[in-house]
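For clarity, chains are labelled A, B, C and D in written order, and residue numbers in each chain start from 1.
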Amino acid sequence: MRKIAVLTSGGDAPGMNAAIRAVVRKAKYHGVEVMGIYRGFEGFIEGNMELLELGSVGGIIQRGGTKLFSSRCPEFKEEKYQLQGIEKMKQASVEGLVVIGGDGSYRGANALTKLGFPCVGIPGTIDNDIPGTEYTIGFDTALNTVVESIDKIRDTATSHENSFIVEVMGRDAGDLALWAGLAAGAESVLIPEEPFNLDEIIERIKRGEARGKKHSIIIVAEGVMSGSELAKILKEKADIHTRVSVLGHIQRGGSPSARDRVLAGRLGARAVEILLNGSSGRAVGIKNHQVIDYDLDEAFKLKHKAELSLYTLSKELSI
Amino acid sequence: MRKIAVLTSGGDAPGMNAAIRAVVRKAKYHGVEVMGIYRGFEGFIEGNMELLELGSVGGIIQRGGTKLFSSRCPEFKEEKYQLQGIEKMKQASVEGLVVIGGDGSYRGANALTKLGFPCVGIPGTIDNDIPGTEYTIGFDTALNTVVESIDKIRDTATSHENSFIVEVMGRDAGDLALWAGLAAGAESVLIPEEPFNLDEIIERIKRGEARGKKHSIIIVAEGVMSGSELAKILKEKADIHTRVSVLGHIQRGGSPSARDRVLAGRLGARAVEILLNGSSGRAVGIKNHQVIDYDLDEAFKLKHKAELSLYTLSKELSI
Amino acid sequence: MRKIAVLTSGGDAPGMNAAIRAVVRKAKYHGVEVMGIYRGFEGFIEGNMELLELGSVGGIIQRGGTKLFSSRCPEFKEEKYQLQGIEKMKQASVEGLVVIGGDGSYRGANALTKLGFPCVGIPGTIDNDIPGTEYTIGFDTALNTVVESIDKIRDTATSHENSFIVEVMGRDAGDLALWAGLAAGAESVLIPEEPFNLDEIIERIKRGEARGKKHSIIIVAEGVMSGSELAKILKEKADIHTRVSVLGHIQRGGSPSARDRVLAGRLGARAVEILLNGSSGRAVGIKNHQVIDYDLDEAFKLKHKAELSLYTLSKELSI
Amino acid sequence: MRKIAVLTSGGDAPGMNAAIRAVVRKAKYHGVEVMGIYRGFEGFIEGNMELLELGSVGGIIQRGGTKLFSSRCPEFKEEKYQLQGIEKMKQASVEGLVVIGGDGSYRGANALTKLGFPCVGIPGTIDNDIPGTEYTIGFDTALNTVVESIDKIRDTATSHENSFIVEVMGRDAGDLALWAGLAAGAESVLIPEEPFNLDEIIERIKRGEARGKKHSIIIVAEGVMSGSELAKILKEKADIHTRVSVLGHIQRGGSPSARDRVLAGRLGARAVEILLNGSSGRAVGIKNHQVIDYDLDEAFKLKHKAELSLYTLSKELSI
């Protein structure tokens, strides 16, 4: 291959820029050119792209968001548009594609590969919900953002002796909530992977109160219910008054953490290697600290599993 | 005076701990003892307090919240409770009181002074809404928290080309929104002090779009309306789709900024000087970089004014 | 005027980008074009510049450093080069210049104005050493960086019961050291504006030790002496062992604080107004929260004064 | 066991407090009391300790340093002092000890175990140099501190087109330098584990310059040489002028990252389990995301290995 392309798709995540940089620099290292496609698959269909030089990716390793913009592109499910995009790539002599994004983006990459256009997927999402990799790019940064936010909320919770419910992102995955709960020392954590016991949560709050501790932090993953729903339930069932904080989109932004940048560097480089080795239809990931790659098909068959030992531990430490 | 007390009251603010530290150390410098009263006026009524040594305030200058806890104490409006608290203080040989808080707390301090118990007020609130002082302790930190949060939101807004409404605190004051708008480069800012022109906001968004800029940040002070109300209006009136981020209580927490710590140090020291000089019923503040003090009564007569030149400037720079 | 230019010169400071943005947007607001000159006066001499559009200054308000690069250009003291630069500007129809920098940069701006080319200076330096303005752009950010660094050093100082000397920037001005000392609760602060009393510093450390406090933080402004010199003196004179931390260039970087961005916005806008009003040879600044402007000549006659009441206060609070 | 003790020893690291908290809470969960020993093995010898309640470890999860203080205690190598400490523990009915620290601390723990006093070691050091565990508590935080500092230095390096040498900690291990190099996009990284090629470093700088890139960041691990030594060599050998930044003790401080807190929680809990299960002379660690434990003896036989694939990758990406 003499020329490949890279795009970011789906929800943006800190570290996407570091991954773009790694793709460009690793390719350049092997004498291969890289086109940056704008706005994900939308730009792919339209052939909306630009040559990325070494200088184009200078000074972006530390930046949140994605220099290439992202979008959700529902029409890309139709083969018509996929073929149109492949045509655009061929016209520009682009021979392969690196897709940085979540599982929706992987479906696009898989479809293109099956149509004969080689793709590799890099997991970029704060939700940490891609099967086959232990971590996704962006998770560590978002986790730190959540934990720092809860640290701030705890300042006021402690000072005023109020209890807070903090709603965090993660779609169907509870990783952000689970890790943040342990790291922020939350009194209770609700994740989609485990049924929650309302009586236990209430008892935990009351036990703390009996001990003179007048504030609690309860973290709820958006995949379970909204923070305000939980507040209503606690009020109605146990007359416990809580304030609700929905962390929202600050969780997606910010300068990537060191770990997310290193992960982005490693996965970006491997994605290029795979394409240059003539392989495709693969996703890259990290397992036991080693970079791995596996069939995109597998990513849809497997199911991401949260590290549930953290859930038990979290309960034991928040007595 | 040989012994004074200090309490924090109302909404907590970063820098309250630095102010407590300054009160204790300045008093100690003059050989005067300081009692720390817990939970604001509630603790005053009950005489719930403890001697603060130099070591008690070590390592708190950098901490958010308040080591002495805070509370709102509606019953303190009744003279009965005020007198009960004064009695408790007399029993403990406490001869004066420093109150750190907002305008509600000032009312308590004023009432006590009129009953013969000398008080001085220090402005501690993130809202910057105390008349007579240009800045309150906590405002600068909250402002930086808001701006850093908007920086993060902008990462994702830019990447996805979405528009965001960010709702910020401030009660009836627009200072946080106003300063944050200018500092974060928001496209529009809505504050209670100025009528907003919906058509202008809409036009501003559309003008940006016409120029190829597909995201906008609109900041709305909670004193105007909620973020979701504004989103609904924009949707209905102009079919503009926005996402809403309510920053909430993270604005109250965090390690105080350098400025808030310096302000807290200066105001805390002056409050002690006033009491030791035999004066009382005063509030301390900062004006033209000089520490000032003025009658608590004035604080209720005056009205805080936002620096409205920033409003005009903000509009000019967000063309 | 239909077209002006802007450059950054001397040591860079956080907020320079925000000032560039304000210059461009304020000028655009008045229908005036802005050229961005690269590498300070070096680029001025060579006519190395580019038209800045609204989009060129998008997404830079939160970035440290300067998009236009900076440099020190000793040859610019010679009239020959000044005239050469003016010629380049005339060829490009540039009619006025905004110079963002320190006092060295102001000399260049003044010389050009006297040669008939209208200039206005904006104070951009972390040192806060420009006479005529209370604050310079970058000072607040650098101060927060210093204070956060000392907070970190205090973690380890407290844990290990070691004493630390922290050397901070500021050239001949002690502002950074002075403010940081108060904000970080340093035990002693050495600034160029005040003679220091070694015996007092030693006594202060020993008094703390006698009270069971086994660590001290001593801040020394680079204008007094280096941290390692002070460590040597303390060792030799009093057998006090200290570790030295030289904060160095991290003090110049980082995302500008909210205040620095607001200051940059206000000063940048005023600088443009002055040029458009047909005035020149002026510096802009802030005094009692109001934007002011004054003759560049004055900036050389006046002397910046540190707020020495902070020095006294710092001593009283660090008993 | 009904009562155990915990101490922190050697260089302090962010997350030590979170580990102390986990030890106390896990023990309490099993109905076991925990004594906190002050100043590491020094306090062990003297029996200088205090009962830690649930409340004693409230609000410390987010704090840098160690609440129990740390120290280096060379005399603890002598059996006489070890026996004296064991005697003190027996008098207080303390039956086991958790030691949080580096390899020096592990030697102490091992010696005590061999004398019949059950100990377990938890790896707490920013250097990441403990064999048998992939990560030590504090490494992730220090890494992020280093990377954020280099981001700041890069602001000024880019603006001024200067090259910087950044000296980072790590004793004999290159992990901090290696990971930071990749995460910060450094042009060259020197670590003790790999011989460095001066000609290559010089060529890399010159190649960048030829491409128009006028600044470079070179990271040197303290285990290789000092930053100023390297600067001198570059000056003498290739007339390359660099500025030097020694990050120093800020690397040890700061609020622990989410990952360090989670790691501390997991390892602290496991250490308690081991003691309660009647085992001892073990170190805990993390391997492939699972908590493991192994003989303390092994920790001295094994050698920590840096992930050298990052070294190669770093070179490829910094072309």
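Definition applied: contacts are C-beta pairs under 8 Å (C-beta built on N, C-alpha and C of every residue); 3 or more make two chains touch, one makes a residue touch a chain.
Remember, it's a predicted structure, so these values are computed and weren't measured experimentally.
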(request) List the interface residue numbers of chain A and of chain B, divide the shared ones by all numbers used, and answer same when the ratio is over half, different when under half. (result) same
(message) Can you tell me which pair among A-B, A-D or C-D shares over half of its residue-numbered contact pairs with B-C?
(response) A-D
(request) Measure off the straight-line distance from the CA centroid of chain A to the CA centroid of chain D, and report it in whole Å. (result) 28
(request) Could you put a whole-Å number on the gap between the CA centroids of chain C and chain D? (result) 35
(message) Taking the mean of the CA coordinates per chain, how far is chain A from chain C in Å?
(response) 39
(message) Give me the residue numbers in chain C that touch at least two other chains, ranges are fine.
(response) 151, 154, 158
(request) All pairs of touching chains, please: list them by chain label. (result) A-B, A-D, B-C, C-D
(message) If we count contacts the way the header does, which residues on chain C are in touch with chain B in the complex?
(response) 21-22, 25-26, 28-29, 54-55, 58-59, 61-62, 134, 140, 143-144, 146-148, 151, 154, 158, 179-180, 182-185, 211-213, 255, 257-259, 261-262, 265-266, 269, 288-289, 307, 310, 313-314, 316-319
(message) Which residues of chain A touch chain B once you look at their complex with the stated criterion?
(response) 8, 11-12, 14, 16, 39, 63-66, 69-71, 145, 149, 151-161, 164, 243-250, 252-254
